[in-house]
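Please find the structures below.
Note that chain A is present in both complexes that follow, paired respectively with chain B and with chain C.
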Partner chain A sequence: MADALRLYALLIWTWIRAAAQFPVSMVLLGLASAAVAALDMVGIMLLFAHTPRIAGFTAPEVLFLYGTSAMSFVVADVLLGGTERLGEHVRQGTLDTMLVRPVSPLIQIATEDFSPRRMAKLLPPVVVLAFVLPRLPADWTAGRVVMVPVMLVSGTVIFAALWVLTASVQFVVIDVHAATKSVTYGGAFLTQYPMSLYARDFVRGMTFTIPLAFVNWQPALYVLDRPDPLGLPAALRFAAPAVAVALCAVAALAWRAGLRHYRSTGS
Partner chain B sequence: MSVYPWVAAYAFRRHATYWLGAVAEAVTNTMFGFVRAWIVLALWGARPALGGYDAADAVTFCFLTQALIGPVQVFGGLELTQRIRSGDVAIDLHRPVDLQGWWLADDLGRAGAALLLRGALPTLAGALAFDLRLPGPAGWAAFAVAVVLAVVTGFGLRYLVALAMFWLHDDRGLQAVALVASMFFSGMLLPLVAFPGWLGTLAQALPWAALIQVPADVLLGRYQGAELAAAYGFQALWAVVLLGAGRALTAAARRRLVIHGG
Partner chain C sequence: MIEVTDIHKTFTVRTRTGRLRRRRTTVRAVDGISFTVAPGEFVGYLGPNGAGKSTTIKMLTGILSPGSGTVRVAGLDPSRRRTALARRIGVVFGQRTTLWWDLPLRDSLTLIRHLYRVEAGAHRRRLAELTELLDLGPFLSTPVRQLSLGQRMRGDLAAALLHDPPILVLDEPTIGLDVVSKATVRGFLERVNTERGTTILLTTHDLGDIERLCRRVMIIDHGRLAYDGDLDRLRAAVAADRVLVVDLERPAPPVRLAGVVVERVEGPRQWLRVPREMNAAAVVAALADRYPIADIALREPGIEEVVTRLYRDGGRVTA
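Coming up: the complex of A and B.
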């Protein structure tokens, strides 16, 4: 494990040095990436320019959801988002090259073409969280204070597991890659808003099938002391770390199964 | 027969070949359409008649946005960029056809395939799940004209960004800036009619309004007679301005390009 982390850090550092050869481009790209990431926040502000509450939630509460969701997603994207390009590696045959190297292919794919600009996307959620956390109408007991970092970490792990899980699908069918974006990018988007906006069956699906509700919605209900619109048991509000660990196990199994089934294109 | 229809036909065929990938994109577009529809329903629930839309208009707009992402390429990109980077553009310039015309024809073919493969699913799914405001045959015909103008305007914008590659060594920064502008000003976040104050006025005057907002308003039947002509005129004006700028830039790029043998 320590060895894997060391290799991961080494490969990332190599790619950062490569990107730094074009400093102007790197800075511009970073700023532009931060702006793209901020667009979702602008969308939320535009909503609240017209109404003080959306589905019973105020602007600071929705921005809290945005901040936690975006931060978890960006960290997961920086660490493992590169796995999304597995299909390209399979198609071009470059996965074969990775398999003969003495480093885990997961680490190689995740670090491939790593760009520091992806980290610039952290800027909007960090600024939003710093602004909004002191303004939340929450009763800050010790439990609620601890819940914020816990939900950020478990949210990150859930998104990371979803990256690996959706990438594993590309071992079997390459063409459906775009559809799995509805889980990763779609999941990042839909967790920015209170789930009370959505149809009840959809929220049930997001709780029990694809556990996106545990990224921030269930923990946030606890932090904000809100009733669950679906009337689900209160214990679920504390289930995020367990869900994250379980999802990681599923993702690891899927990745290994995919790798075992992989047959080179032969070209 | 001119070569351009053939270019468009082959582009259509090439893009229609990878239909499974395009349909997979449509699945994601549909999913985003649902989430956005629920969000605007909450907003219009709090503010009925915001921007002159009712809830059905706003939900229709959401699905239409998702249906048009592929055809008008909101997220940007033109194959020409890679060809300039790799030097393959030299082959394009050797052809006895106009560079801009060739790629416009190619893009129209691509847009046709994208409209079929990526436009139908979000619209159908949205119509099944929500109360959409869809017009009769005359409305669809008016919409079709607006979509063609939207694709041409979108091409005009993307062609300018692609040509910048002649001057830049790394175009990704510019692509990202273009992406921000396109996502914000095309109405992807919210219908432009719901942008507050001067921002709304500005957004509705910029070329990105011609990509989604104008076709959507045509489909929703908000323009009749002379107003419809004015809406087409707005799109056509931007298309002409952008294509004109593209011509000037092409001429400048031709003078700049040095082809090394090899």
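Coming up: the complex of A and C.
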């Protein structure tokens, strides 16, 4: 595991060095992605220009949800977003060339074409969290303080597992890229708002099937000391790490099954 | 080094026959192949399009698992120990590159060094050696997407051998190369085999590759092994006839000689097909007895002819 991480870092470093040969384009592209990534935040601000609350939550509270969701998503995206291209590699048979190397194809795909530009998307969530955390009307007990990094890490792991899961599907069903994208990017967007905004059954679905509610919503209820609008048990607020681990196990199984399914292409 | 026992691989292909209707057909890509390759051997793997060569190679490298039968490469089961095997085997796909399109060749090779965890000093030495043998120097700093096919192929060969594997498997490495590039690649492979003792399995449609490099050939057709043995015996076994080209002193009607068929007449020159079992010297003597001969030449069948015959007859050959 430590070995895999070291290799991962080494590969990313090689790609960064290659990208750094064109510094101007790297910086410009980075700024552009940061600007695009900030649009979601701008959307939230615009809503609050018209109303003091969204689904019962104040601006700092919603920005807290936004910041934690975006932060988790972007970190997962930086680490594993490259897996999006798995379907293409399967279709073109180029996965073959990865399979003859002594490193998991997951690491190879995740690092392929890694560009520092992807990291620029971290800018909006970092800025928002730095701004909103001190202004949050929360009662900062030790438990709540610890919960913030715990939810960021669990959220990242949940999104990372979703990247791997959606990639695994592409081993079997080709051309599902658009559909799988809606799970990852869609999930990132949905979790930026309070879940009380959505229909109850939908929220139940996001709690018990695709567990997006654990990315930030459930832990945030604890940090903000809010009752659950759905009346779900309070224990769920602490379940995010367990959910993240379970989802990882599912993703690992799916990846193995997918890889077994791979049958290359003719020629 | 490589041990294959009775492997099979079938693919199910769904073809659309109507708006909604689909038909499943199974393709027997590899249908019961067995062979062994000893350390240091250089084996050619031949067969017409769709014979199952690439599929075999994918099973040898662990990309695909055999439907049935067993494979052992460097003592490992490829599909179970794919990553362990990857360290001991080099693979070149002529049809697709293992290099990264946007990186300069040198950076691609650095990435490969990290993937195989080659130690920096060893990498430097090995790279210098490969650069010289394959003449990579002029384009080491060029992005791979700008390389010509021949340059890219040489880069791919270097990439496959950077970790100094004892086994090298090549799937059509000379496809689309010009005469000069082919010669470079062949010369390189020959050196790798003789100097390093690397075991090589080479798939190709270029019979020149085979004649130049391989003493042993395996021919596969419809997923089955049609021949496994040395090249000279293949020529004999297929019983491709030799051709006697005779220049008579003046134009004449086709010569008449028992067992010999005249294939073509052009002025004083005649082409005679001499069956494999006939003694060529006796034929020449009999001819010289009866006809005034200016010149004479005996042509061995080219490997093209041998292989064409073999593919066409679709038969098995016993060596």
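Going forward, the second predicted complex is superposed on the first by the 267 of 267 C-alpha atoms of A that agree within 3 Å, B and C clash if a C-alpha of one lies under 4 Å from a C-alpha of the other, contacts with A are read in each partner's own complex, and residues count from 1 in each chain.
Keep this in mind: contacts are C-beta pairs under 8 Å (C-beta built on N, C-alpha and C of every residue); 3 or more make two chains touch, one makes a residue touch a chain.
On a predicted model such as this, the values are computed, not experimentally measured, just so you know.
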First, second, both or neither for A:Ala18, with chain B first and chain C second: second
Touching partner for A:Tyr198 - first (chain B), second (chain C), both, neither: first
Chain A residues touched by each partner, larger count belonging to chain B or chain C: B
Which superposed partner A:Leu39 touches (first chain B, second chain C, both, neither): first
Partner chain(s) touched by A:Leu7 [first = chain B, second = chain C, both, neither]: second
Chain B versus chain C as contact partner of A:Glu112, first or second or both or neither: second
Partner chain(s) touched by A:Ala178 [first = chain B, second = chain C, both, neither]: first
First (chain B), second (chain C), both or neither touched by A:Arg91: neither
Which superposed partner A:Val100 touches (first chain B, second chain C, both, neither): second
Partner chain in contact with A:Arg226 - chain B first, chain C second, else both or neither: neither
Where chain A meets both chain C and chain B, residue numbers: none
Complex contact set, residues of chain C against chain A: 11, 54, 58, 61-65, 82-84, 86-87, 89, 91, 93, 95-98, 100, 102-104, 107, 110-112, 114-117
Chain A residues touching chain C - in the complex, by the definition given at the top: 7, 10-11, 14, 17-18, 92-94, 96-97, 99-104, 108, 112-113, 260, 262-264, 266-267
Touching residues (chain side chain B, partner chain A) in the complex: 18, 20-22, 24-25, 27-28, 31-32, 34-35, 38-39, 41-43, 46-47, 50, 169-170, 172-174, 176-177, 179-180, 183-184, 189-190, 194-196
Touch list for chain A against partner chain B, complex: 22, 24-25, 28-29, 32-33, 35-36, 39, 42-43, 46-47, 49-51, 53-55, 175-179, 181-182, 185-186, 189-190, 193, 197-199, 202
